[in-house]
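We just call them A, B, C, D, E and F in the order they show up, numbering each chain from 1.
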């Protein structure tokens, strides 16, 4: 369906660390993809490293059932939720399909700490987390639907690891590149990551130049989007800055 | 997780054909299960055979992605949606996880006709169907979120067959017994089907007796629920009718 | 707060049986009341007697709590839900505050039958009912949010009888006059019932006359609303018909 | 922006009278248009003439304001709502932008009657209508969000006629071709109407043939979508029937 | 409909800069206006100048259509979205009707910067903005439904400038006075702005006095609202402070 | 129904001041209570004292009616909203049932100040407050659905004090123990408060130990939940710390 092992260009992840999710959405829109931004969630933490970037590793939840989803479910250390945390490859982002359920948490501080210690690149859930106050202080990218104290077992049953899922209304295939900034998270289909990263970096240089002009009093006309003259001025500007 | 091959008692499916989904919900509530009724859907057709009854065979959809979900996707006859229709075992109910998406159809008349011809026991989706006018005239149980003309590819990508899913907010495991009447659909965990069927049949006899009394002017007190005296009268009533 | 014992004019209830709820909403709007139509519900039955009309008798539900709201709760014949059914005065409408909860039923066939036998004027709930197929065949006015099989105890705890409540977003004070037609239910503050009934009946005569004209090809201009000339023609028309 | 005076081919409207809205959605999807089905509404009436077909004539509502939107507003016969009714060209469909507001009506029986008498092709609103019982008996296509008794002035202020609007989440430009069947309403951009009508008619012939096969026991494989062999058989089938 | 050129009293805008939006809502409620607070949005920035105050200049969006709303749409410098930014009169507030659509942005940093440079008094949208992190640092009043990275073209087509619109469920007529504080935005019909400003300023003096009393241990009785004695004490308090 | 005068153990309230609401939800889940966390609200203030803890004192609102709910309603100092504020016993939490209505405020700064001066333990509402900027600076626990400027009378009519209510979808009986931390508010049925407080305190010691281990690199397996060995190590750890 989608090639989740496709090699990425050497600089793709680095480029993605420096561009905004808004720019990525524009690049994906230019390629006909309109539904790539995970809806209904925000960034809970303020990680030092800037953008969250990494391939998706997924976990799927279905609705809980009272006879199966008792507290004793966790006595099994191979419970998919626990196993998921322990199997995310370093550098990957754990993405949870919580069906947009906001009434209960998808996980809490201990699991998030374990994720971080294991070297995961971040956590994305379309549900809330619990212990959200403590988690908000962690130097680790966490994107979720805020905080909620009730535990996951009340409405979730973790069932599958690393299958294609929906998260916040967006398709996430294992290996897709997840990028998060302070505004939210975009899902880049893996086969597009190289070209999108490259074009996004170019677009942002151009927009930095345009923003300077607008701040200096220029009109939108001829500048945004740039006409031939503005493009020429931009080329000059780049040359001067060596970028 | 749940034993979807467990044998059922010989009369279980027959008993389930004659009781109401409301009664089944009460029996499951007595066993601690509060979330067994598929929310947000209704019966579209008026099948001659009465209740829909059969084990669940499931199909899971995730959100569509424009580069994957073009009309040409169906050129592959092994597309999961098509394969799902062709692989439902006779007597089983096809249950679709459409994430409650009401903007597009889960399927239409040709697929539903094929399902019926193949001997499926019914179709349950938490999304709408298209060709809903034609389907509503079929003698085949269809439960869904009404009619909607846009095709599934706009928002759905069929991805998995016969895995545990959520449908209308309820967990559905393959092999669970789906029962539908004119009010909606309950999901009975397979391991409970025998006892729930038996107790539901008993409950309905009792309630038929109580309803007669209430129609005749009796008060709720002592009758609903029945006290010892009413229970004795009921025993008598049963004996007279040989039921 | 509101005088729920105020006597009504002798013909008020009869007048209300013959006007539409739409007309009543217009009359109440003219008096500054914009929020009198119970939202989110419809008529389930098709009673022979036409409009449902009667003073409100209310029942209030709060969210259920698992330790209190077990099936054994009904062993107490004085459970407020049961007591409510048994205490609605004849000719009154039982109005349930279910907080717009659509996931579970507010009641079922046995309780509705008892209501009818006791001479209640109807049932209004902003939640669904169970046994909705059977109830839909009753010759008794039932307005609700459709059918839903799970029993009330899953989400409701009946707590109060005949206190002011909200139902479908509208304030209902005991003694307010409930009127239901095939479109839905309006709540008329008791102190306005006489004048609203009288003016609504007049408005409908006028509109019957205007509709005749429009069906005959007349323009809206001068006719809807009527100018002086049209009013004169209407006066003539009434005289001819003796109405 | 869009050419709302573009001439249509002579047979376009006739072709559109005979195809389903589902088929039109498929044809528009093939052309990259995914959002053409008006969401949240249904057909209220059962017109003898089958599909509603006609160019859009629009009316835009904004939220009401209590000082402007009193009952006296209608004393002005040039009130946009009234003027809109009187200015829809014969054969056109009046399309109302009610912002999906379901709490109040967009109009009632007198206005709908006037629309019909004037020769309009139908009424489409993303809000409800009042007098819905009487309107449901009219031989005139009305698509809306059901019935609601409160009058429009409570939440609507009619402001513009025949400007581009949104209706049920879909863009409607004056002159776009509105097509409604028993499932709902599609909006066909005027410049695509000819080719969509033609291709939809062809698609339905093919699907009638396929449905026959499926009813006769054929598998989806090779038939739906048709492979070369099936297409050849279809060509034969058409020739025999002269269609 | 409403006189958007009506001159304002000399001190009206200054008075409005110092009162809270809550007080304005109370004053408008006293005049029968209940729906004046834009729902579903908040203040994104923390402008040095305090309250945003200025007449409304509006932009209307309808749903996007894929064939019209491609990235190339912006090649036209007269695209309504761009033209809107360039035509807001200095001191005016740009108010966007985004139909409450939260899935995509209404605009971003470059456009907001241009608005600020041009001397606009602020930006109000019932949709989100993109580049929300950068915008949140601007010294410029921006009220919106948070941040969202996808660009407007995915769901919006800008269509009209300076027509009456709905924003967050409230009617906004060009020239209405928009006032925003840290809690949100009220829309004051232009013809009421003078008296509302004056009375709001008076109300706040009174409430400052009452709050002092309550902080000092006074009961609500006799103080809130003030009885004759409290009003007399307030008159004294004002005299002492010369306000 | 529930014993709201039951004495609490001497240390219960103190224990509850130090545990998280997440832990309380887990303890209540272990006892079969799944719906104890008030949905849709958050903490507005940052009180120095940490957790809000106190018995519930309730106020119930129904929908407003224009003829009753004018500004003059407050001239009656015994208006239930005002009386409620003046009658909350010191140390109790005022809990408002606002039916989750987010369009208008439940109260503002003067009332909240009075509550604080009177020694209330906090305010919980499932609606917003007005003057939210000023209130957010108070050293007093306030939990609500954010800020909203319109006054309560627009949609609320305060009707009852200290009756069982729903708040944020949860049953609150007078005397139930309300506990709020930075994540939200749990409702502990009074009869369970002692045991839940004690067990929650124990659970948090255990989890502090486990978190230390996880931060140190331990796997979830054997540690979370703890196996016998980990429990033994924990016993040791406690002894060393004397806790």
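The rule is simple: contacts are C-beta pairs under 8 Å (C-beta built on N, C-alpha and C of every residue); 3 or more make two chains touch, one makes a residue touch a chain.
Given the structure is predicted, the values throughout are model-derived calculations rather than measurements.
> Would you indicate which option in C-F, B-C or A-B repeats the interface seen between C-D, with over half of the contact pairs matching by residue number?
Checking each pair in C-F, B-C or A-B, only one repeats C-D, namely B-C.
> From the C-alpha centres, identify the chain that is farthest from subunit D.
For subunit D, the chain whose C-alpha mean is farthest off is F.
> With centres defined as the mean of C-alpha atoms, identify the chain lying farthest from subunit C.
Farthest from subunit C by mean C-alpha position: A.
> Give, as an integer number of Å, the spacing between the C-alpha centres of subunit D and subunit A.
39
> Quick check: how many Å separate the C-alpha centres of subunit A and subunit F?
Roughly 33 Å, centre to centre.
> Residues touching two or more other chains, restricted to subunit A: which are they?
Only 34 qualify.
> Show me, using the given definition of touch, all chain pairs that touch one another.
Final set of chain pairs in contact is A-B, A-E, A-F, B-C, B-D, C-D, C-F, D-E, E-F.
> Using the touch definition up top, name the residues of subunit A that touch subunit E in the complex.
That would be residues 20-22, 24-26, 29-30, 34, 36-37, 39, 42, 181-184, 186, 207, 210-211, 214-215, 217, 219-222, 224-225 of subunit A.
> Could you please specify the touching residues of subunit A with respect to subunit B in the complex?
Per the touch definition, subunit A meets subunit B at residues 1-2, 31-35, 62-68, 99, 157, 159-160, 163-166, 169-171, 189.
> Which bits of subunit C are touching subunit B when the two form their complex?
Touch residues, subunit C against subunit B: 71, 74-75, 77, 82, 85-86, 102-103, 105, 108-111, 113-114, 117, 130-133, 146-151, 153-154.
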